[in-house]
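Chain naming follows the written order as A, B, C and D, and within any one chain the residues start at number 1.
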């Protein structure tokens, strides 16, 4: 083959290699997303840098990254050694230079993505192959180990209480009890339709237990309407004053610009030790990863979490996040964020119109930038013969609508040893409406909203027919 | 296309579908391994049963299993929802019937694989997308929650001590401290070349703290020679007598028939609450999964672990294990186990011959069915000009030999707040030899051993040359 | 796993299977494109119907569809037996019911796609794993065999001449000579800027050789401007009158609605025996396949072509076309066709503006619905020091613009034993302009046009600088 | 990530790149096969060298290698432009430097593989994306064009007859008639159980038509027993003497060392112009490719074939062959050849034993190194009620035995316009036995043979039961 053709071809190849080099030197999201060929070229090259893939390797340890099933090897690009060392999950794994590089890079790009999303001033970020709940547990365990150290001259403390602003999602509370800690539940306040943080009760709790017993305050920023994100700025101020750590469960809050702004404000004005977020909910990857981030001004907890993690971990969650971020690039990431921001008002508007048609209304929850709640009062308990309103949820599910939740007052449930009244509605006092929630989450499209409304209309009509009405 | 051809073709297709049906009804490893096409057909069909893959799905929740990057979707066969619910990681996930099916099946097949490996009488098994260390932590946390419950009429206890037979591998100790627990280290006894469990010291420790303070005894069955597996039968008897839980770190012990026999004996004769093992080390999948198993006679802890896990988890580790087990079938699994059993005597024999050539010897460690130790006494401290003996390890690594460990006495190290003398050699008193370890682990071949010996020979010669010798 | 979840999951699976059933019963393009999972599910199921993939197969023939390299097996979904039998390439292959089904279906969908594109009245279509040129050769060979048969009572003829309207693209002429036939070249006429079929010369040629010596007239409908598509309607009428077969080289004409209309008109008003088109150029698949179609009113040649093909053939080209057509669906196919139709006026408009900036003009070629020609007269031979104008093409190529052709008069070339003056410009008399061509082909976007203009502008400026101008 | 780890990793990567460099400089099969990662790395790098994959490419031609369906793009590694130019299918395609490189390399490695298989003295080899039959047609067409040229001073000839030694496989004869040529059939001679070339009849045919009318003699080396390979050495001598071209249909003969030896001897002692062989039958790739090879001493026809091919062609067949050859390496290729050589005596021995059990015998066909024939005389026409003996073949097929052929005398069939008596048995006079064939082809294992015998035994028993016997 003639040299001039080959040379032009090699320029094509070199163009891709320059993308990789630029990524490695900048450690920031490329502006434009990469095509699949470049993404895979990069991952395969990293994989070739792991010792299990050395052509001459002779492994005589207890763990040599051998993969028995070719299908498994393929789907993981031959990456087998995982990441981290027994001492630190973010440490380089000597047998796996390539995986270590991938993992470090993913953490760097994840930080970049958080900044682009609006979390100005974010400091170190670690990617964990644990979903949000387990990551919260690990964060609290790391905090406990850190606090137990005491530090220079101070007697070691062993704080065992977590002050927790109620959110009726089991995982978050279980993350506290799984860590062997005692949750102190701070109930919410109702403010119009919205449920908000009860700052006074929270302050009282801190005072009651004192700094020595409170390991942390845990707040939540992403939740189902009509609950609003916690007042993280207020809590941050309170924690700063009380000298108490503050961990934020920001499960799917990265996708909301308002929430990112709140977090930035919180660590600027008060104390935030860690913000934990899911990778699947915010970055459209499979369930199983999370990011623990700390503000640049109080970076310590991230390293403590990494150091607490016992042993190696899977690299799969890193890989999924890395591939997705490279696929998007900064431009693509901004675009999906922007599309989401635009879907929320559309969802509200379409649901408001639908509500009007059926004698319902959309709850007024301006503080919640993701979730909405639509009253179902006309369906609830209309007659003895009427089905339970929760059946409305089943009807939607039967029509392939997933993700809605129908909430009716009255259910008492014990979670992690704590009894909650009206579980599901976030409040002890019965909420004055039966309602269903629907969210404008990352990836939701206007077509989704349109189709939701079509199916909702049908379900309203049918449900009422079953009730003997219409 | 004529009907008779189509019919014959459909029989071919039906033959594969029968394999799937048979698997689902038996929930046991098929005798013969499946080909790739059948494995993938099954996984893809399961994937089509998850709601995120329904062709008509409209998702309006905060987590709808959307995947942004096609490469990520492909490598996970479109499985995005993970497994479990907030209450229990082994519970069915309503949005993901297919993933739930895969996960339940994997746990069943994993139990079957343990039984085939020799763990007779094993009861429930859970697959966790956590490597061994983190699984141990979770197991201890679950135990703590369970113990805290107290039970009928008993005052709640809060035991905080873990009695732990020393093994110089950081992860295991960190698994204890990460859980917020206090390790009590029981040193080993030397018996000839071997290091074995000090049963008397262990019994004394139990007596000293008492049942109310000891959360568990943690033993280890797979370790580097010259340490032997702990006397799990003796410890099981002791724990039964003392009413104290017993957790076994069986990281890579599944692959050794002798170790499986020991475990079976332990739970037949005494108390074992959980046995934790790595999926990557025992089943040749990527790092990141583990199995927590309990004996059929004391099954409770597995459900407790599942119930303690906060939130959903990734399905990737299950999938890798499932694909590998189906790829092998029972016959293939028995075959790789058998091959491993045969490589150990070969490794010992070849290293003995090599040792003779270089004035060294193989330590006599009959109790360790996986790892061997070769003395390096002729290389250690032979002259002032000689390089440190650990450099021998670097030389091997430079020649693409991975997995050996060179151990010389004298290093003191703090792990999880505990100081250890002679860290790496498992004993406080200096071990009388400098040595290196090599293992006959699953997947090691005779060719690996041959090549190891060739490179070892070269390194011996070169190292001595550097020392000014030979 | 509970039955209700499984049932919902199975509905998801059944939904996809219904798509397949509907496709098999209708044998028409589905309206909406399929997702990747459904496409692959279908192909894999077909593959499982081929005997080489039967789990119990014992092959003791000389050709058993064994695949040695797993990567090869994977990329072909295990399809190994190819299609056809020694007697007929479109016949069912008994060892490969699945491949036979795929192939038959592809031909049916391809016919549907041609109809959607505008080829009303198209009859049988065969997909050949041969690019256009080789397919033309095979079509001519089939015609020769068919003509040689003579038919009822007639003496067998052995016509050896192909009357061919000149188009300066080597493949088409080589397709004639490769078949062992003698081309008679009919030169074009210039009409304004356009080059069109010389109907009188063509009629004269037919008369000169007579029906017994002329195997076929071969016309071309897709070509570089300023040549226009041949007057296929006129030729069809002529052939009908003369009783001479008419084969149309419609290499990339499917994508142009005007061309499809011409063809329809041609077979409605006269004689067309076969229309040959490329799959890669019209359907965006890799090079290597073509469609031979015949009008419903004169369907015979397609079966003759299939019957002439000696032996089996690869199924790869069918598979690529099938996957692409299912990926699009009828809606997607209409959409890409529509987008192309809209790009042409945009290209013309942008090039006209650019021409004005540089003292050139776009040739007036209203008959060519795909290709355009821009004069380069200001660059040609402006000074002794000036580079040859063809260097302008190299400059574009260096800037990653592919697909343009710079044509200057003066080159004489022999193709297939025939000498052509001014080869490249389709005419013996020097064309009055030097020009370059650019096409609005399937898949070309407005962004491509914009970027083309940017780079063209730069090249004009630079070229003139090199000439010592500007 | 620390530099020392990265460096070690980069060595691992460099090791693979050295394999590629070495391949490109030697253009010979690597001794050891490559692993999948290296094979794919190489192909992907080549793909990145094709202009359709340039990140900045702007395509404005009629054929720009765009791929609409991501699944199609993936399975072809983004290779879309095919190979060759309109003038020559082996010429470099300027738009596709990578594909051109792949294609040239494949041809070189294929030649190497033929030499390893025993074809000493083989010269140029071209890989065609055409199965054997179509390649034979193209070879004959190229020969016709070449002969038509006449050459220095000679009047142009137009030979139209192909002298062809009968083999009852339709494709071969159709390859002649498809080319528009007239076959002259030379019947075989029976010699014991074997059917062999009738050299006298062949010589007589040559004399009858004379050099001016005979385009070529076509012989066949791989065929079903009891036919033996043609006496290619004798025919080569005859052709050399008569000045007539000699084309060998060596469809699946590469796999037999004896056949390769015969070919070598033929071109050493006489005239061979081209040897055509299938890639799927000899190299275990999907149906659809072939190799046309010429002896080093008479290399011209390969270039003529390449130059005759009109237009570009698919690269898929090259790619499959390349991947398979790299997967094997020279060592792997020798190994599969060796295994095949060993299966033949095993097959003969097992069938002989089976024949003894059922009162049949294996025909004595020492000259056929691949195919065997087992008499079925006890099944044929035993009673009026007995099913036709060909039903025995259906019984085997129903039991998933593929590739056997049951041959009974008496069938007359017309192929390509020629009538054959006793079609299927290669002879006009009824062959004295009814028989079935079975082959020891590349990839057939001893297990296949064992299973064949089991099923044959069952079919014998069952067939006789149906006949009212046993």
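Observations
Quick note on the criterion: a residue touches a chain if its C-beta (ideal position, glycine included) is under 8 Å from a C-beta of that chain, and two chains touch if they have at least 3 such contacts.
Treat the numbers as computed from the prediction; the structure is a model and nothing was measured.
The interface at A-D recurs elsewhere; of C-D, A-B or B-C, the pair that shares more than half of its residue-numbered contact pairs is B-C.
Residues touching across the chain A and chain B pair largely coincide in numbering: over half of the numbers involved belong to both copies.
Look at where the CA atoms of chain B average out and do the same for chain C: the two points lie 59 Å apart. Spacing of chain B relative to chain D, judged by their CA centroids, is 51 angstrom. Centroids of chain A and chain B (each the mean of its C-alpha atoms) stand 29 Å apart. Of all residues in chain B, those touching 2 or more other chains are 8, 36, 40, 51, 54, 56, 70, listed in ascending order. Across the complex, chain B meets chain A through its residues 36, 39-40, 51-52, 54, 56-72, 75-76, 79-83, 86-87, 95, 129-134, 136-138, 141-142, 144-145, 148, 169-172, 174-175, 177-180, 222, 224, 251-252, 278, 280-281, 283-289, 308-317, 320, 323-324, 327-328, 336, 347, 370-371, 400-405, 438-444, 448-449, 451-452, 455.
Of all residues in chain B, those touching chain C in their complex are 1-2, 5-6, 8-10, 12-13, 15-16, 19, 35-38, 40-41, 44-51, 53-56, 70, 74, 78, 92, 94, 97-98, 100-101, 104.
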